[in-house]
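Labels run A, B and C following the written order; every chain starts at residue 1.
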Amino acid sequence: MSVRSLSSTSLFVAGALALVAPGASAQQAVNLYTTREPGLVRPLIEAFEKSSGVKVNTVFVKEGLAERVAAEGARSPADLLMEVDIGNLVDLVNRGVAQPVKSDVIEKVVPANLRDPEGRWVALSMRARLFYAAKPLGLKALGYEDLAKPEYKGKLCMRSGQHPYNTALIGAYIAHYGPEKAEAWLRGVKANLARKASGGDREVARDILGGVCELGVGNSYYVGLMRSGAGGPDQKKWGEAIDVVLPTLEGKGVHVNVSGAAVAKNAPNRAAAVKLLEWLLSDEAQAIYAQGNFEYPVSKGAVVHPIIAALGTLNVDPLPVADLVRHRKQASELVDKVGFDN
Amino acid sequence: MSAAASLDLQNLRQTFGKTLAVDDVSLRVEPGEIMCLLGHSGCGKTSLLRIVAGLERPDAGRVLIDGRDVVGPDRFTQPEQRGVGMMFQDYALFPHLTILENVTFGLSRLPAAKAGPLAASALARVGLSRYAKDYPHMLSGGEQQRVALARALAPGPGVLLMDEPFSNLDQRMRERIREETVAVLREKGATAVVVTHDPVEAMQIADRIALMRAGRILQIGTAAELYARPGSLFAARFFCDLNEIEALAVGGRIATPLGAFPAPPGLPDGQVTLCLRPFGVTLRAVDSCADSSADSALDPVGVLVQRRFLGDEDLFHVAVEGLAAPLRVRGRAAPALQPGARVSLRVDPNHVLVFGRNSV
Amino acid sequence: MRSGFSSSAFFGRGGERSWLVASACVALLVLAPFVSLGLIAAQGSGDLWPHILAYVLPQALRDTAILLAGVGVVVVTLGVGLAWLVTAYEFPGRRAFDWALLLPLATPTYIVAYAYLDLMHPIGPVQTGLRALLGLTDPRALWFPDVRTMTGCVLLLGFVLYPYVYLSTRAMFLMQAGSLLEAARTLGASRTRVFFRVALPLARPAIAVGASLALMEALNDIGASEFLGVKTLSVSIYATWINRSNLPGAAQIALAMLLVVVALILLERWARRRERYVSQAQRARRAAPLRLKGWRAGLAIALVSAPILVGFLLPAGHVASEAWKRVRFAGVSPQIWQEVLNTILVAGAATLVAATLGFLVAASARLSRAPVGGALLRAASLGYAAPGTVVAIGLMTPLFLLDNLIADGLEAAFGLSVGLLISGSGAALVYAYAVRFLTISAGGVESGLAKLSPSLDHAARALGQTAGGAMRRVHLPLIRPALGGAALLVFVDCMKELPATLLLRPLNFETLATHLYGEAARGTYEDGSVAATFIVLVGLIPVVMLARLSRRRALAWDKGAGDGEAMARDLLLPESAAAVSASAPPAQRGGA
């Protein structure tokens, strides 16, 4: 094989790829980079395309969304960046890939503690970090502090401590109690684990049904996904096998994380991006968040799904969401230090 | 170290698919004897060797080593338990082991304290001690051959089997290594069965030769016996480049363009092949004027068509009336004899062999 | 044995120089992401190391070591044992098992992890069935081992990754000169001792190649080990990067890990630097397989069935049955066909590129015979030694830099505003896959070339071919099976690849793997099961082709073994005509 045939090979490859490349269209479009799962985002996009006539191109990225946008630089096609976790949202700002947006809609709909004061990110939905408990326990009110109690020894299930959902929770604990107390607490929680910290939140419910453990930590919307039957008949059984408790920190409120979005710094379709962002805060979109995805809407106007409403009134921990990020690194290091995942 | 063993093969048979590789072979090798299995490629000699080694299982027949059954109707001793050594045509040295480790390989049943010195002395016997720590690929072909010999002999096998042990060596080296190998075998007093396709090699090293064809043993005997009294045209051809003349035997006499020859006793009348060894014929220039003595006048006459110098002797092609092909004659003759010359031919009856039609 | 083919004598005349330059370009393409990772790492202060050393390394090193040792033992035991079983013995169904043993290659590890958690969970079918059998109702009444343990992870990865070792070792066993094994027997070694003292050590380069591929997969695997709660060093890279927003620190850990991997590979090669694995044997006749009968044949069948069952039939069957439920419930999404097409297109293009580049670097290493050629070959193989996400992150900087340069150029020259062409077209994926899996194709070509006698080069050159001409007209046709086999492995790997695909794909571009991951990330495995089934189905195509290819190759070497007629043919072949292959340099050199 010569260098010449090499170049003809690459021509072939380029040709093959041109077939897959999305064709440029005259239609107005907006490009969405998201770490939110496609299944959750798709209903929103479809509704937006229908109501606005703007085409949404998406790419679902797991990790490295900020890095990708940064590396793409000035020609980045990204317009709107969607993240699942407050930490990642703040990372977008820190890496300088988000731009400020001044919007009356946003300021009117979203409470100040759920958006960046300079408009570089805005929360779109909230999810509470709850307890899933075996029914025989008959638990009603409980604090996150109780997870470390010796009475739960060998009865606890959790996903990896390094998962952003958990580092955010541990960060909140540090914010409330300081690092020493948080460490002692985390050691206690670790000592209570019935199995390795692994899997996802839904495994907690499944393991409770399977008798592996009796108490665990999971996000609110999974309860809706399981109990509604959207995840299939098996998961419906898991969801119905548990009691759900809304725990508190210092008796004040539930730890809440947010999903949100930011407009990319070099957004080629900035106007469309803002339009999409504002639409995501509309009652229609917020209803999809609430009814389709079982999340808590940030807009006061939207109602939560009945399954979620039945869990009880959501009293949010008063700690500002952005403060969670402040202790994230410390929380992650604490997880290593106490060997939570080992 | 076990002493030289006897080897008995009885009515061995082996087929591969539709091919009969070994066909009812029986053979006895005496302790300390060097037996050559001689034949062309595919005659079954290697199969026979592999049956003795235990690498193939015959369809029928028995193999006895020192009187013990190793292969029988319901008996099959695994190769590692036969006390048989084998040298392969490609030497089969283990490329991942050093020379010494190769030689020590077969001594695993001995304690290391004994095996080490034994292997070292086996290596010393073939004069390769200095390569002990080298790997096989670093050695020349001849050296590899000697390592293979040392390795096969080190465990003191009762019988040593050698498959074309010299065929991978170049001509000049072959002669020397052959002699050294025989010397080592004699020194150890080993019983050896050597497979070869080269009659000269067989005659050089063997006490006895078993000539094989198509899975059968045609003839067994010493080199001299096989040469002088080949049992068949095939055997005769194997050891010598013969002139063959088709003729008719009638009443005990065979008439040929070279004159009449007596038929061997017991040969029935009919078509026969008469063979002349190339050096069983003497050429003499026919000078029409001078020498015409009574006896030479009776000799057949031909025309020299070609003369080729071969060093120690010459090769002559002589056209004789009535013969399809020129007669090949070897020997020394007067330098004056040049193509075109008329020559008389005198045939030495000791170098004439006659085979009937049914001989193969 | 190094041949007398001196590099200086031909250098620069037959075009070796241009081959070497091309090879250097390939190495540069592969090294680019690592250079960029190095630059990223240099931006960090190194302040994370005290924490890593104190709290992460002891545990992560221990877990990584246990995982690798465990997976190593499982893949080598299974791979070598199975390869020996199907090459040294003959039993009913051997030919079918011969290729069926490759099936676990078709299933990505993360799918197997999901499937086993489902199957083995207290409320999964296995335990439910057992309890029903024993008349138990309470899930707690029955003790059952948990999949979410180190042991579970080791077994799972081992049973999925063993085909890498099986494939390379089996080829080696098939080519081992029968006379070596027979010589060992006549020297008093039992079949067992022959296996351990001769066949196994001779297969060491092949085992090393296969095992290093499997171990690098295990080391860089995030999906399965994270899911099963095993914390390797790779997981720490993530924690540092994602939770502490410390990309430089993550890059530092990744590079440190890469150094260790490279050091281990070099160490293994150094340890066997003096040995040779190819006998000077002129006749590569195989030793005849031993025909097993009765209970022995039954045992052999049971032994070869078990890994197929565990590594493929159970997980794939479970996923397929889930998919079937899903299809009846929700139908097949029409997008899946587009995703199948995308998967095949990108993986196919990447395979083509990786095979071409692999041939280029391996061929130029042979042509130049200078150390630099070999070094370039090793460098080009680095992409497999690091986790996919790390390679992808490293790739982004140079990739988008190049992309922007191209866009700048086009704009300046033609006033065209085309945006980012490479990343926008999916070429970035092809590049990433090629970087990641080049070692497989280059290693395949290298070992194929190593089996060819240097006299072939000499003969071709003496007949007036240039170096490149010889490679194209003589070597390429001869190593086609080796190249084809490597290419199929690359295809399977590209198809399963996830982290780089997620990170570098263009807008609106889904492959089967990303679809599945999207569903799995949401916890809706059921929705993903259809895509998972398709991954397995598409993965089966190259695996079956691979099996056919390796069987044909085996048959070529099979003269004298297997059926009696081939044996007879070999016996009847004139000795001189059979002696064709001259001695060759070491057969398989470990691919770094």
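Note that contacts are C-beta pairs under 8 Å (C-beta built on N, C-alpha and C of every residue); 3 or more make two chains touch, one makes a residue touch a chain.
Bear in mind the structure is a predicted one, so any value in this text is a computation, not a measurement.
The central chain of the assembly on a C-alpha centroid basis is C. Comparing the CA-atom centres of all chains against that of chain A, the greatest distance is found for B.
Chains A-C form the pair with the most C-beta pairs in contact. Averaged C-alpha coordinates put the centre of chain A at 35 Å from the centre of chain C.
In terms of their C-alpha centroids, the spacing between chain A and chain B amounts to 87 Å. Averaging C-alpha coordinates per chain places the centre of chain B 53 Å away from that of chain C. Per the touch definition, chain C reaches chain A in the complex via residues 18, 22, 51, 54-56, 59, 63, 117, 121-123, 127, 138-140, 146, 148-149, 226-231, 235-236, 238-239, 241-247, 325-326, 329, 342, 345-346, 348-349, 352-353, 356, 359-360, 363, 389, 392-393, 396-397, 399-401, 403-404, 407, 419-420, 423-427, 430, 468, 471-472, 476, 499, 502-510, 514-515, 517-519, 521-524, 526-527. Within the complex formed with chain B, the residues of chain C that make contact are 1, 177, 179-180, 182-190, 193, 197-198, 201-202, 204, 274-283, 288, 563-565, 567-568, 571-576, 583. Chain A makes touch with chain C in their complex at residues 1-3, 6, 9-10, 12-14, 16-22, 31, 37-40, 57-64, 67-68, 71-77, 87-88, 91, 94, 160, 162, 164, 167, 195-203, 206-207, 209-212, 222, 225, 230-232, 234-235, 237, 328-329, 331-333, 335-337, 339, 341-342.
Interface residues of chain B facing chain C in the complex, by the touch rule stated above, are 15-19, 21, 41-42, 46-47, 50, 53-56, 78-82, 84-86, 88-96, 105-106, 108-109, 135-138, 144, 151-152, 155, 161, 164, 167-168, 197.
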